[in-house]
Structures are given as structure tokens and as C-alpha cells.
Amino acid sequence: MTHKHRIETNRCKGCGLCVTVCPKNVLELSDQVNVKGYFPAYQARPEDCIYCTMCCIMCPDVAITITKESKKAAQPQDA
Amino acid sequence: MTHKHRIETNRCKGCGLCVTVCPKNVLELSDQVNVKGYFPAYQARPEDCIYCTMCCIMCPDVAITITKESKKAAQPQDA
Amino acid sequence: MSKVLMKGNEAIGEAAIRAGCLNYFAYPITPQSEVAEYLSRRMTEVGGVFLQGESEVAVSYMIFGAAACGERVFTTSSSPGISLMSEGISYICGAECPAVFVNIMRGGPGLGGILPSQADYLQATKGIGHGDCRMLVMAPASVQEAVEMVMQAFPLAEKYRNPVMILGDGLIGQMMEPVSFRDDLKVPPTNKDDWATSGMDTRKSTKRNLVKSLYLDPEVLNAHNLKLKAKYDRMRQEEVRYETYNTGGDYRVLIVSYGTMSRVCRSAVDALKARNVETAMVRPQVLFPFPEQAVFDAAAKSSCTHVLSVEMSMGQMVEDIQRSVQGRRPVHWYGKCGGEVPTPEEVMEAVEALLQS
Amino acid sequence: MSKVLMKGNEAIGEAAIRAGCLNYFAYPITPQSEVAEYLSRRMTEVGGVFLQGESEVAVSYMIFGAAACGERVFTTSSSPGISLMSEGISYICGAECPAVFVNIMRGGPGLGGILPSQADYLQATKGIGHGDCRMLVMAPASVQEAVEMVMQAFPLAEKYRNPVMILGDGLIGQMMEPVSFRDDLKVPPTNKDDWATSGMDTRKSTKRNLVKSLYLDPEVLNAHNLKLKAKYDRMRQEEVRYETYNTGGDYRVLIVSYGTMSRVCRSAVDALKARNVETAMVRPQVLFPFPEQAVFDAAAKSSCTHVLSVEMSMGQMVEDIQRSVQGRRPVHWYGKCGGEVPTPEEVMEAVEALLQS
Amino acid sequence: MQSEVMFAGFGGQGILLSGKILAEAAMEKELEVAWVPSYGPEMRGGTAYCTVVISDNPIASPIIRNPMHLVAMNRPSLEKFAGTVKPGGVILVNSSLIPIASGREDVDELSVPVTDIAAGLGNVRTANIVALGAFVARSGIIDFETLKETVRNEFKQKKKFIEMNMAALEEGRKAAA
Amino acid sequence: MQSEVMFAGFGGQGILLSGKILAEAAMEKELEVAWVPSYGPEMRGGTAYCTVVISDNPIASPIIRNPMHLVAMNRPSLEKFAGTVKPGGVILVNSSLIPIASGREDVDELSVPVTDIAAGLGNVRTANIVALGAFVARSGIIDFETLKETVRNEFKQKKKFIEMNMAALEEGRKAAA
Amino acid sequence: MAKAFAKPICLSDQETHYCPGCTHGVIHRLVAEAIDDLEIAGRTVGIAPVGCAVICYNYFTFDFQEAAHGRAPAMATGIKRVRPDLIVFTYQGDGDLASIGMGEIVHAANRGEKFTTVFVNNAVYGMTGGQMAPTTMPNQKTTTSPFGRNVEEVGMPIRVAELLASLATPAYITRQTVLSPKHILKAKKAIRQAFQYQVDNRCFSFVEVVSTCPTNWGMTPADAIQWAEKTMLPYYPLGDLKTPESVEEA
Amino acid sequence: MAKAFAKPICLSDQETHYCPGCTHGVIHRLVAEAIDDLEIAGRTVGIAPVGCAVICYNYFTFDFQEAAHGRAPAMATGIKRVRPDLIVFTYQGDGDLASIGMGEIVHAANRGEKFTTVFVNNAVYGMTGGQMAPTTMPNQKTTTSPFGRNVEEVGMPIRVAELLASLATPAYITRQTVLSPKHILKAKKAIRQAFQYQVDNRCFSFVEVVSTCPTNWGMTPADAIQWAEKTMLPYYPLGDLKTPESVEEA
């Protein structure tokens, strides 16, 4: 069992609220525009992520999810 | 100077509230109907009246007034 | 069928229950408060819902909410109260929900008076709310007819998914007449599963329902309005209802009148006949859609020289009559508005004045 | 006169100030919130009154209270908001107070949309409230005309002691056009000492004034209604206002249209002329009273075979046209309602379809 | 044949109820009826009246300005309506409260001290029933037995009133004789 | 003669302002003008556009579905409106944000990286003015001096912006040359 | 002890249409006395409600407007905003003010409109025939609560004075009654005070008056007074709930 | 410490039309979580307001009605009275609920209607372009208070939760916020509790949520959060104002 942090890039509106609440300073806003014209958040330092879900809880657009998954199942979904 | 207690009989609706508040039990309701079909209040025991204005204050129809008047002036008005 | 002597207002309340409507929300206003007073008892007896709302505005939305769940529901009010329901009625039309509104009219404008009037004709038939909305409007002339129309109003509202108004004058509400409640007018409610927000579990469905009136896309809103227009056009085809009186022979004046006023006119027609003045009457029982063709035909009769709209208003239905008569005959108005119902004699005078003119 | 480029909504606000009306109460609603936004600044500059009311119902009574004091006052809203003012407008008519209501119409019914529409025609001209009440209704077709009508509305409201409505579609409010504010349209307020509740000391009188709409005695209420009817009849005599376009020659189709829609029709008339299809237009500038005679005359012209009402609604003014044309010519409707303004091409198609039918 | 009765008096004198009972009695006889009240904004006081129209044909106008008969329970009512009654009609005058007559020569005027009679029966509130009994007896507008039946029915919820009201009817009938 | 320009782009790109400035410039020249916005319920995002109609006669219909010219500030605008422009009109394409062309052969297509130019001037928010300069220069719809005057007037409250915007106009003109 | 008592000047001579023992008459007189006292009749505009007091203008001699049901506070707002020099009061019943007019009174109070409201709480809709009001007491029978007000179904009576006093904007909010001469004299002071605050351009002022409706309660006037004392006063406690001073101190 | 987080089931997949950083999205999610939790989606009817959340039904998967501006509590009343088995909530902004809809919310609360209201207080009218709301803070600039809210002219902001809590009818009235994850977790509990009271057929339940409107405040989402914390929270204190239990004890 492990955790998977996922940001739906095209759902993100680049509000930056997740960035401010992350206790481990994992997130940053991208400089690549998404389909909606926003600069979405991404995990700049994924290795620091403790899967505390603070960013998920804060995100007004339900753009971030964290799933528990067995390592096997994780890879195909990741593709 | 003396006081004059006056009930405008045709203004009175016979509600009896003045009767209940008079501290000296001066007032009663008449058994003579007035022009509106009500049984108006009258001073059954005028000699007991202390001109406290309780009845005036209570009357919802401003049917009772008390005036201060010199004895002379009082009579013609009384007619 | 056994008859009972009932006040119009109470009979209206009872009729709704007999029609299977057990939900009533209202705010008191003369001359129709007896409906609420009656139903505050009766609904308890039959296990229905009675609620006195805080205002007519709120009541119109209680009606909306309940109707949107697919439940039969109605309210009653009088002129100023109906004005306050304008926005709500427009929403209910837009959202296509069935509901019944009873307006027991009093004199206006403003606070006006509390006696009978028919001065809300144009508001009811043309201007009840903003946007392209219309209601089917039924106008009873007796307590018995009021009862029947109330019972018919619920299935009609469901047929069109649109509010229906019963437009009665104060006298219809206040008068007592013998009434019988015809069981055959009780029609089971339509299935509302495809649109009503009755809870997905209730209708055993995973498709959710949505009741709304907002269409931000102009093309979609236009299409929605065309759909509503098609319904109103269908009403024009299917729901015209009227009665004629003495139209068989040759008459010189055609009277058009509805509600209590039409009963007075009926007396006047009879009395004029006795004086050898032949007149006839068309009585619209449904005001929207208006019986245009019937009025045209009756006016176009060769003997007829004048058409007279007799209303307890300053001349409202007369506009629909003008529209219908299409210039074939001069159209006149006679009326009063303030609470006094014109007498047969006054109507006769108005007719005779016309013929002398 | 120097011109400025202004949004209709702002120009309407400015026009009221230029007309000498320094009192404004309103509730925000698209597409007219800019009036309030503009006046929240401007009224402060000119020492006037700006207040955002808690609802349209409340606003209509703030207007009533202020108008009853004899002060010039106005409000602006859009369709659903106007429905909520129904009762208030009926009271103001009944109490005979002057006031100006601006309705920048959006699509309906219900919440509808926020784009331009003309779907409140029947409500404004016939059914604004309960009882026998009417408003003078003016319909501008440009920002400049909106400005002028707003300025004229105040003296007209005072002339009749009755509310006046400016009925504009959303485009009139949202569009920018050059406007000039004509000082000559500023008319000093009438003397209101004989009726306004301005305080006895203010008018140096010991006679108190009373503003009310209740008349419990039916004869008195009837007399009051007859008095109001006489005013409305006087409006029918004195306030009809319309414009004709291309009515000089022989035309086959008469278009009747108002507001923004009439400008589109004007383009269509020109373009049809280029195709050798002669059409003409009557544009009512005042909707109540309706230019019945002008429409009749234009329709009755021998060359004319069809009358077409072009409206951003599902067919409302068409009823007044039918009434006016008196059966002389077939009367048709073309329109859309949802926010998209029909284009000249669409109107042309509608006209050509008529001629082919 | 159509006939109309106006009942008029003070609010509180049971005017509307007398009318209703008459209308119900007529309905029992399969006649057409309409009962039309006056209604006003004031809760109390003033004049209350109602009109009952009885006919063997459907009733056209229920609005009657000239009724066939009048039951006047107080003076203002008599003064206001006496002149409207059709020639030949019955005018019942509650002489307990009305010291004057109708002044009409062309009607059947019947003077009955209904309030006093009711007081004699132990309840002034039955004055309206006394008047009804007297009026129906004199006018013959419906048969008296039906009226009695209707009154009995009206009070069937409050049994103790039945007897008193039946007595009131009888006293009315006697007074009209 | 009547001519129409549609300005289209994201909300926030100053679309409505460009249109307004053009309309004001035309008004200065005593022409008839109408500025018609799109307005929608959403506060942010989506496509904003406005149409400016300029004519030497009173303007009949201000509702234009086929404008003479188009200034497209973003890709969705170009895609949505390119097809509506009348043959012979000018289509200005903001090539900074639009990687495609209009696909029209019968128009005068002008590709200008207005956002980049504006960024080069130190403020991307002047992109609308760059575009306006380029468009007016190419279409000649009004004379450039009047436009400059109008822009100067528009910013007269905020003096510090005047210079930047005058530079933007000039850069636009150059790009259109 | 002996005193004089006369009809206030700005109260007209006309006899009222109210039922015998109805306390509307007393409250009218108190309003008139306050206006006389402050000598403001010449610049006062009263606003009549829709309710039994709808024609109360007949009993006063100064300018008056007649509101729609519940909308008197909006009308008063309209007047005060365009004519701040005028003295304006609304006179409203509980159906009018607490039911249909709830939005208007809350907002006028919250904006701190500088007019005075006299609120007659008689626990019932009088004019229309005794229907339930928001102020109707638990289990009280009315024509639309024939089995008594069921608080499970329609909630508790609304204490309007407390509700308005909970707003943050400074105001004078008081509850009085006219059930006895002593109460009447206190109510008189409160009403005068309410107008005084307005004359001083200080704040919104509001006087709730616990009243009777003998007719619709089906009681004699004396019984109605007793019922109100016993049933209403415990639920509607008397006294000042808020003064502008108390807000400033807080 | 490590946890999982997924979109609630009854929240639809559709992306919202709200501005970046607008807290409407968070509040929607909390409502959906509560409904999922209680497994009531199949018998729930939501009521959308008129305001930015007017099309919020697009983001939920169960039955929904769209109200007129301010009238959601009346619609909810209509539903609950005729279908007490349904779970009903209104979702309303401050213009909607506290301005035009004041009468409706006060009366629904006072009748003890057994539905739930989620009240989004963002101190401004969002959808129509940032006009002043009854909840706008003193001196806050809006498009209709361009010089800042002048409390002398228009009064203090209305604290709706306090106002409703002052009514005598039992209810659950609480104020929460979504300005930080910690607050959001508390708000989540409160919203769940509000629905729980309804499921138990207990009382009216009301959750005010102090929110942001970065767009109309003219701030970045992060600045908006800070401004709300600094300016709004001191005036709109968080926590339960009333529970049905507290009323019963009193």
C-alpha cells in the first residue's frame, strides 16, 4: 500500500491556495498555461509530500486527490 | 378653581375599562343605550371622584375629560 | 347527488380536497380568508397540509416548491395578494410546474376596497408576470361552477404543466349556494416521474430531476419559450370554453360578460326581451384562451348592431372583444368598479342608451 | 450640444439628474445594475439620494413614500424585479403619485436569461398590477431617445399624477452611443401643495394632506376609478407617440416594431427596398397609449396586404395590433425571445415568407 | 316564480344565520337558492344584512336591490331598506327595538316585539329565530314544517339549543297570526 | 458608408476598452457610432467581445452578425468569428496567443504578436492598445491622429499611463506597416 | 392629586371605528400626546398600516400616508431619505410588521433609518377576522389555528423587539403596554422618547406595545386585559431592550 | 498522518464556473460529503439560490430546484410540508438570504421548518458585479458603495446567525468558515451535524460560512483569505450560536 497524489491539471484554476496551505512546501504553480488559460499547480517537490491531504481539503475545485493503492495497480492508472 | 369630570356619552363604547380602573369606584355603566347602541359609563358616585384622571388615561375612546375651571365658567359649559 | 348550501370560499376549499389536492398554503386577505379558515380545520381532518405563510410572496414560492415535487397544491388570495405573486407565477410558468391559484377579486387599484370586482382581468389574462408567461384562466359564475372549475383546474394544470387561475369576484367567494361535489371530476394525478424533484429513491430512478427557469444560452431560452408558446397555442385550440344565451334568434345587441356580472346580464337579457328589445350574451367561462371565434360569430350576426362588454372594471375584457370582433361592429363598455355590482336595470339602461345613440 | 459616448444605463442615470430628479432607490439586477453603480457615485457628487433597497418590493414602496412627499424620484430594474413591484405600482396609481420606473427587460419567464428581450410588453401596458391601473409606457430605440424619454417622463408623471414606465430592452441599457443632454427638456416640478404629504409647515398650510388608495365605500371607489379612467383616456388623447418609416409610397407589408427591434427592422426595410420588396414601418414610441389609429391607417393602405409585428417576445404587441387593425389585414407575428436579437436578414426572411404564403 | 327576502339588523343579531336557515329550508324543498351577505371591513357594529333569493328556476342575478320582503331587526335597517321592498311584500318590524313603522301602505307590515319575546324565552339571542318564525308564517314563503326541520338540523350539534329554538319558532308563528 | 469592427478575446484583455476608444475617436470625427458589448453572467473567463459600428448616417440595426473587421485577441475568438467577417475586411490576429490563421482568402489578414509587443513595452495590459494601433493603421477606419488624441484623453486621469499607451499605439502602427 | 385631562390637539375629534375596549385608541392618543408635546405636528408625516388601524389617519390632524400591508417601513425610508427634516412614524400591527413586513422592518432598523415605529402587538390579525399572527401565543385559538397555535408545527411567537435589538446598528428599542393606567403612563414616556430620538436625528426608534383585541380573542375588554397580563406579559417582558447610549457604551 | 482523499460521490464531475480561489467550490464539496456520509442523496432535494451559485445544481447529482432570488426558504418550506420524508437544503448567498430573502429565512427559522440552510457570507453580491450586501464590512468598497460602506448611512453589517439565534424556536445555528484546512474540517462537521438534525427530524439547521469573493474584492485568492481572516472573523465570530439541546436546557 502506498499513496498517490494527483492534480488534474485541466481542472485546476491556478488559485494557489493549495500552495499556501501545504505544510511541507511541496507545491508550486506551473508556468505552462492549461486549456482554460490558468497556470496550474504541480508537485514541485513530490518527495516531501506526506499525504496529509491539506491541499485537497483547501482546493475549491476538487482538482487534487490522494488515493491509497497497491503498487501494482498504481502504475497502469498512472499512465 | 375646581375640577370637572365629563363623559361624552355618545363617544363612549361602554367597554367598562374606566369602571375597572377607578380607584374610588366612582363609575358604572348605564342601562340606557346611547346613539351607537352601547351602554355608556357615567359617574354613579361623583362625590367620590378625586380627579385622578385614571379613567381618562384608560379610556380608549377619549370619552372622558377633566377640566380645571373657575366655578363661574363651569356652569354655562355644563348646560 | 346531494346538495349542500355552502359559501363560495368554503366550497372552493372543499372542492380542492375532493379533487385530491391536500396541500394548501395561503395568506389571509378579505374577501377570501374563509378558505384558509375552513381548510385550517378540514386539512387536519383529512390529514392534509395547511400552512399560513408569512406573505403572498413567500406563499407563491411554497406553492412552487411543493408543485415542483409533483404534489397537487393550491392557494387562494385576492387582488393585492395576487400582484405579490407575480414573480412567483412567472417562475412556475418558466419551470413548467402545475399549480392552482384562486383570485377572489376585490376593487382596486392599491388597497382599493374589499367588495366584489373584476378589475384583474388584464393582469390575469395578459400580464401576470414578466416574460412570455400565460395562465389558463377560468371564471366561474356560481358557487357550483367554482367548485367544478377548481376540480378541473388540477388536471388541466397537469396537462399543461402550467399554473391555472380561477378568477372569481368577491361575490363568488362570499355567496352561499347549493353545491354538489361531482366525484367524476376527480382525476388521478399524472405521473410526474420524468420531471418532478420527488427524490430519486421515491421514483426508483438514478436519473436526477431538475426544476429551473434559467437558460443562459439565448438559443436554448428561445427554444424553451417556443415550447411554452406551443403549449399556450394548444390551450387556444383545446380549452376555449363559453356559454351563449339567447343567441338563437335575431338580436340587436350582443352582451359579453363573465362571472357574477354575467348573471346580472342574463336577468337584463330576459327583462329586455319582455320589453321587446332582443339581446344575446356570450359568457366566456375560460378567459384565457378567449373565445375569439364565438364572440366574432355572435357579433357578426346580421341583426346585431352593437357589442357591449359589461364588466366590474373600467374596461378590460373590452380589449379582447375588440380584438375578436375585428371591426365588424362597434364595441362598447359598460361597467362599474368599486364593489357595487351593477343591477339588471343599470345594464338595461346601458343597452337602451346604445340603441338610442 | 456636445455629445458624450455613454452606456445606456449610465445615460439613464445621468438623464434623471439632468431632469431634476435627485432621488434614486434601487436593487441590483442584470442588465441594469450600472444605473445604480453610476448613481452611487453621481448622487454623492450632486448631493442627491442614492439608496440600495433590500428588495424590489421594498424599493417600490420607498419610491411611493418619497413620491407621496412630492419629490421627484425614480428606480430602475429588470423583468423579475418589476414583477415584484406590481403591487407597489398599483398602489402608486391608486394613490395618484408621480414616479418613474425604468424596466431594462431581459428574457423570461422566471429567471430566464440576462440578455435583451421585450417580453414584458403585455405586463407593462396591461397587467402591471391588480385593479384598474395603467401606466404611460415609453419605449426608446436608442440611448439618446432613452435619455430624452427619461427627462420627459418626470413632467409626464406629474401631469397625470401617475407612474410612467420607460420600457427598454437589455441592449438599450448595455449599448454605448453618443448622447447629448438637452437642457430644454428640464421642466420644473409642478406645485404639489394640494396633495403631497410634504409636512404642513413646509407648505405653510393648516390643511393636512393624505395619500391613500383605500376607498371602502363602493360608490366612492367607483368614482375614484372613473377619475383614473378619465386620466387614462386623456393619455389616449394626448400622449400617443410614434414614428413612421417608408410609409410614403406603396408597400406590401407593414411592420410594427419598437425599441431596439425597430432599428433592426429599419435595416430590413432598407434592404428589402434594395430587393424591390416595399415595406413600411410604424414604430410606437409610446406603448400605452398605443397608436391605434396610426397602425390602422398604415395597415389600411390599399397596397398593404400583411401586417407583421416584430418583437423580441413570443407575440405580445401583436394583440394590440390586431385590435387596431380591426380585421382589415391579416396580422402576423415574428419574433424571438431569449436574448438573441433577430438580425435584419431574419426579419427579411420573415417578410418574404409572408409574401410567398 | 322568484322571491327575495332581506334580513337586516345589527351585527351580532344573528342576521346571517336567519338567512342561511331560510335558504337551507328552501333548498330542502328542491328550490334554487342564493344567499348573499353584505361584508365589510369592520369587525363589529354597523348594519349587517343578507339577501336570500328563492326560485323555482336557476337564479340569474343574485344581486337584489328591490327584495320582495324585509325582516328589519333594528331601526337603521328599517329606515334604510323599507323603501326598497316591492309592493305586496311582507315587512317584519322588530318592534322591541323599532319605535316607528315602515310608512309603506302597499306592503304587509307585521310588527313583532321579537327581542322581547326572545327575552321572555330566556335568551335574547333567539330573537332572530322568533323573527324567522313570524316571517315564514306570515309570508308562507316555505311551509312551516320544513322550516322546523331545518332549524332542528341546524342545531343538531348543540342539542340543548334545539328546544329553545323550536319554542322561538312557535312564538314567532303565534305572533304573526 | 457604414463599417463595423468586432473586438474579441478573453475577459480581462481590455476588449471592451479598445472598442470604446475606437468609438470615441469616430465620434470625435462627428460620425455616428454604436458600441455593443456582449454581457454574460460569469464574472471571469469565457470570451468577451464587443462590436463598434461607425457610420455617416444614423445607425439602424446595431446588432451585427457579419462585421466588416475583426480584432481577435485569442484563439477561441478567431475560431468563432473569423468566418463571419465580410470579404475585404481586416482580420487582426494576435499571433502571440494564436498559433493558427483565419483560413480566409478574401480578407486582409494581419498577424501581429501584440501580447509580446506589449510585454516588450513593460506591460502586457497594453496589448489591446497595440492591437488597436495596428488595426486602425491597417484599416484606415479613422485617421491615426484622432485615435492618438482619444487615447491621450482616455488616460488623462492617470497621466503615467499616457506615455506607455502612446508607445503601444506606435508599436502597433509599426507592426501593421 | 387632582389633575386635568384633555384630548391632545393633533388627535382629531372623530370617533374611532375600533371595537369597544380596543387599545388602539389609547395608543393613538399617546402618539398624539408625544407629537403635541414636541410641537412637531406641522412637520410630521404618519404612515398607516394595513390592519385595523388602516384608517387611523382619520384620527390625526397632520399629513398621513397609507402604506401597503407590511411596507410602512419602506415608505418611511423613502420619506426620510428625501425629506430628512420631516418627522415620520409608522404605526403597525403584528400581522403587518412581523409577518408580511418582516424584511422591511429588519432592514429599516438595521440601516438605522431615523424614523419611529409604533408596533401594536395584539397577538392576532384583527381586521381580517382573527387569523393567527407570528405573535400569537402558544395554544391560542384563532380562526386559522382552530385547535390552538401548535408550536411544533409553526414555532414560537416572535419577539420582535428582541429580534431588532439583536442588530448591531444603534437604536432605541423598547417594549411597553397599555393594560393599566400605570403602564400607559410609562408607554407614553417611551413613545415621547422615541420621537425625541428622531427629533434629535439620533437613531431608529421602536416601541412595541402589548395590546388587546377583545373581539377576536372572544373576550370582554376587561377579560382581555387580564388575559394579556397573564399570558402575554411573561412572554413579552416590558422595558427598554436597547438605547443608542447602551450601544455606544458597549 | 497519510490519508486518502477523493471527490464525494454526489458531487458531479463537472468543472465549476466559479472564479479561481472562490470558496463556493469548497462549500459545495462539504455539502456533498455530508450527504454521502449520511447516504441520503436518493431522498435529497437541493435548492439553488440566485447568485453565483445559481447553477450549483450542475455540480450535484441529486434532485434540485432553482429558487427565485431570496425565496429558497419558502420553496424548502413548500417541499418539507408536502414531503417531510425528503431531505431538503437551501444554499444561499448573502444578497439572496440577508437582503431580499430576510423575511423568508426569519419565518422559516421561526416556524422551525425542518430543512437545512447553508449560508455563504462573502460580504458582497458576487454574480451581479460586486454590489454592497447587508453583510458588507464597514468602509468596504463595492460597486454601489464606491466610497466604502458608510455605517452612518446604511448601518452595520447584519450578523444573520445571531439574528436567527435570537428566535425562541429551537434550532441549530452555527457560524463556520473555510479559510484554512482546519476551519474546513470544522465546517464539515457542522454541515454534517446540520443534516443530521434534519435526518432526525429535529429542527431547522443553519450553517453560515464566512467565505471569500476574490474577484469582487479585487484581491488574489490568498489575499482574500487574509482579508477575511483579519476583517470578517472578528465581526463574524465562529462557533455554534444555538443548538436544539441548548434551548431545551434553557
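A, B, C, D, E, F, G and H label the chains in the order they appear, each numbered from 1.
The definition used in the following text is that a contact is a pair of C-beta atoms (placed from the backbone, for glycine too) under 8 Å apart; a residue touches a chain by one contact, two chains touch by 3 or more.
A quick note: this is a predicted structure, and the numbers were derived from the prediction, not measured.
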- Least hop count linking chain G to chain H through chains in contact: 1
- Query: Out of curiosity, which chains are bumping into both chain D and chain G?
  - Reply: C, H
- Query: When A-H is set beside D-H, which has more C-beta pairs in contact?
  - Reply: A-H
- Note on the structure: Distance between the CA centroids of chain E and chain G (whole Å) is 42
- Item | For chain D paired with chain E, centre-to-centre distance based on mean C-alpha positions, whole Å | 55
- Centre distance in Å when chain D and chain F are each reduced to the mean of their C-alpha atoms: 34
- Residues of chain D touching 2+ other chains? 30, 51, 54-55, 57, 80, 87, 91, 95, 110-111, 114-115, 212-214, 216
- Query: Of all the residues in chain B, which ones touch at least 2 other chains?
  - Reply: none
- Message: Two-or-more-chain contact residues of chain F, please, as numbers and ranges.
- Response: 40-41, 45
- Could you pull out which chain G residues touch chain C in their complex? 50, 54, 66, 68-70, 95, 99-100, 102, 125, 127-129, 131-132, 134, 143-147, 154
- Message: Under the definition above, what is the set of chain C residues touching chain H in their complex?
- Response: 23, 25, 49, 51, 53-55, 57-69, 71, 73, 87-88, 91, 95, 197-202, 208-214, 216
- Message: Residue numbers of chain G touching chain H in their complex, please.
- Response: 99-103, 106-107, 110-112, 134, 151-159, 162-163, 166-169
- Task: Name, in rising order, each residue of chain C that touches chain E in their complex.
- Result: 3, 5, 30-31, 114-115, 170-171, 174-178, 260, 263-264, 266-268, 270, 341, 343-345
- chain F contacts chain D in the complex at 20, 23-24, 27, 32-37, 39-41, 59-63, 65
